[in-house]
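A, B, C and D label the chains in the order they appear, each numbered from 1.
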């Protein structure tokens, strides 16, 4: 005979210190053990997909900032790539390199947050987060120099980027690149070898490669499960085919490996950046778009708007959180007919129940932290 | 200096001052009970004042120090260098509306903070701040420390239960499980000093350490370690702060408390921290003595200095360490610390017996005991950890595999524990 | 020992003990009853202090308030659907009769016994004396109690142990 | 190395070889599968050695005004290839397509999303509930005919604010 306590339901969220936004997790508990987990989302649902159907292609770029607000660059990039695919635009070389550089800087900033917040979820009282913030601030400074914004960047444009980087950008970026490896070493020392973090995250929330693939998991979570899949390598966009880097892959697919993969990816991003800063060519940063696609619309005023041909395009990139895809259907009008975001945060949540049933409340928090969701992107 | 001995203006021991006052009272022919009441009132008010001031100071220190560890400034706006921030916070808490949730059990909800605050304060009665500065030097002082800290347990439970909040309930349950487990460890750890001193009076423990010019810390390193860990549990300090784990159960058993009721919990937590630090200082680190320096410097200053140093260690861990999980914490208490402390108590008993029976000189005996305990403790800790599967290299961090091969799978199932 | 302070303390503590003991019986809410029980324990500890049995008093606090009451609380909270309220039962009158009987016996014994009054002071150090008595004169009951506790521990472990999985 | 994109024509050809009659229409961008043969076709796409589409990248619904379609973007890690297949239903009241949760677990949340916003019912889905919107929400906001604005405007049914719709059916397809 076993003694069981009465199962009871705990709502983690929508207002809770570690749901990373307004996300709600309904846990049914037997004591501290989770017997059922249900996700409730939509508290940040802004209906972007509907809104985008009434805005021109350029007007939609700011929306993509506001999905994954911790990685606005990659959001921009995926969207403009989808539109470029639809319009068959050839992007100038320098713009491709700039996109690559920005995306990698954004990856470092985003992973730094992920790693720091993960340590916070493990119970380290703010210290790792604050250290990560220090590096992220420096990167945001670079973004500010390039485009004037720090968080919602709106930097990418259909056919290139909004403007070239100022001359003093390069020296500052190089200085940052020189500083970062030392810091990363420190973090790896303090966090990766931390006995308590290892005890808290080893063997928790394990996903096998088969499970991860079947549950459509992508990004660091998929790679932590041992699948070497990185869109940057598998289907290089931007200038990724010209730089040398490795895919970081985990061993056991648990929470700890997701953490390790993110740390390793920050290193790889540094590697890419070091090469990219040397290899970036001079030239225009915006494609010249023919009048065939740029036509006046509406009455009585007639501003110019892109009119992609009828058809559909699906472009996906490797955002810090995983495979970020934009599916755009055009009917020849200046606004997308259908605008769908395949958001990695949202889809990476699908195995949450699988991972957390049988664990304790504390584990559920760590697992949720390891998924690294941004609620803006989950709910869109 | 020695002219001062025992006069009322001898500030090296505030007990002298109070003693002088009581003598005056006696001289003017006051009845015995007035003297009794006056002395306890002075002691109680003194302790209350000291704890409140120390709390305020340490709230500031903790916030500044942790801020330093986290690359930020900490409170720096109210008063010079933000010194008045804790005062402002306290005022804010006092002025806030004391909300009672509708579904809470009103009486117990109100009783919770009080029940927690009183024992946290009462503990200081047996702490010897200086030779004559003990409010009540009970001859079961060591037991008193643990017994009074034990009152916390039902108080925390009642606070959590009365809130009628699931986070509170979880927090309360965690706290109880934790406190009860670590209370046993604490008692067993305290057997060490008590067996050496063969008295449970706190004053005697300090006197013993003074007499042999040693700190019990040197002859009981493992015991002190266990006591520090148990103390961290009792005061909800990181890495054992799971009962109010912010990232998991919001604020644990005091989630529903606001205003000054929360203030009570907050201060009780600090008081518990001071009490643990005071016990460590008294029982393991020589109390108010510092190898003769206490004759010149006020003894209570030495005591407070040591106390704050020990308390600082708790702040330090709070700024650096992540948190353990409840089952890991319980396993650590029952599987690791408890057997270790049982063996430790056995070893100490044997040592004391051999020492007493054979009339060995104090110095060689203490040196031998210290060496034996250190080596034995180290072997025991390492060996036991290895036996439980820790520290065998398996726990080391692993780095990611780097590959260029797209689509390959590098998965090895986690070996079963 | 017969100074005014002790006598006042005795009556206050006795009132507190009996009052909260009554509370345990009368109060409907089980958790409130446990709180009243804690009050009883505390009063009892105070009574021990007036008898200068400080070791027993502290142990009373440590064991009864710190542990036994928690046991009660756990038992109440963790029992599924235990309900938090006492219900009226028909056992009320038998219980009343039984407790009346117990009271009568106690009063009779208390009145009938010839209490030894000594002029000797209380023990300076009760802990040592109790320890020696426990390991000397009363070693058999002490050991039997230990065995009983051990059996209880083993029993509870057997009770909560999860059954080995039937499959595989 | 680039991901090999199997066009709708390629994939339709492959499917026809194995499961004759399962493809309804094949365009360069996608292959339209018949709804009643969807599950076996997707099972084939997933399990075939040469196709190996183990990963459902994206599942989403599109309101083409005359019909609803569900687009499946598939990927294969092992062979580094991708494709897109679709299924459609002409029922506007209760559009019903088979659920593919049995093929890819990842479809669970995405089908809930498509149901919530687009109002496509997935037959055989274990837990088809509202996801972002609350239970009891009226209508499905991503449908083109969802709500009108004051003054009889139906923004979803126009090509673009200020641009009148020319023809409505099957827009966005060539």
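The definition used in the following text is that a contact is a pair of C-beta atoms (placed from the backbone, for glycine too) under 8 Å apart; a residue touches a chain by one contact, two chains touch by 3 or more.
Keep in mind the model is a prediction, meaning the values are calculated, not measured.
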item	value
Greatest separation from subunit A - chain, by CA centre	C
Pair joined by more contacting C-beta pairs (B-C or A-D)	A-D
Centroid distance [mean C-alpha coordinates] between subunit C and subunit B, Å	29
Inter-centroid spacing, subunit C versus subunit A (mean Cα positions, whole Å)	61
Subunit C and subunit D: spacing of chain centres that average the CA atoms, whole Å	71
Centre distance in Å when subunit A and subunit D are each reduced to the mean of their C-alpha atoms	24
Residues of subunit D engaged with two or more neighbouring chains	1, 77, 80
Sequence positions of subunit A contacting 2 or more other chains	227, 229, 233-234
Residues of subunit B whose C-beta touches two or more other chains	406-407
Residue ranges of subunit B touching subunit D (in the complex, touch as defined)	406-407
Complex contacts: residues of subunit B adjacent to subunit A	66, 69-72, 166-167, 170, 174, 238-239, 241-242, 245-250, 318-328, 395-414, 417
Subunit B to subunit C touching residues, read off their complex	33, 105, 107-108, 111, 138-140, 143-144, 146-148, 150-151, 153-154, 157-158, 161, 173, 176, 180, 183, 200
Of subunit D, residues touching subunit B in the complex	1, 76-80
Subunit C to subunit B touching residues, read off their complex	5, 29, 31-32, 34-35, 38, 54-55, 58-59, 61-62, 65-67, 69-70, 73-74, 77, 124-125, 127
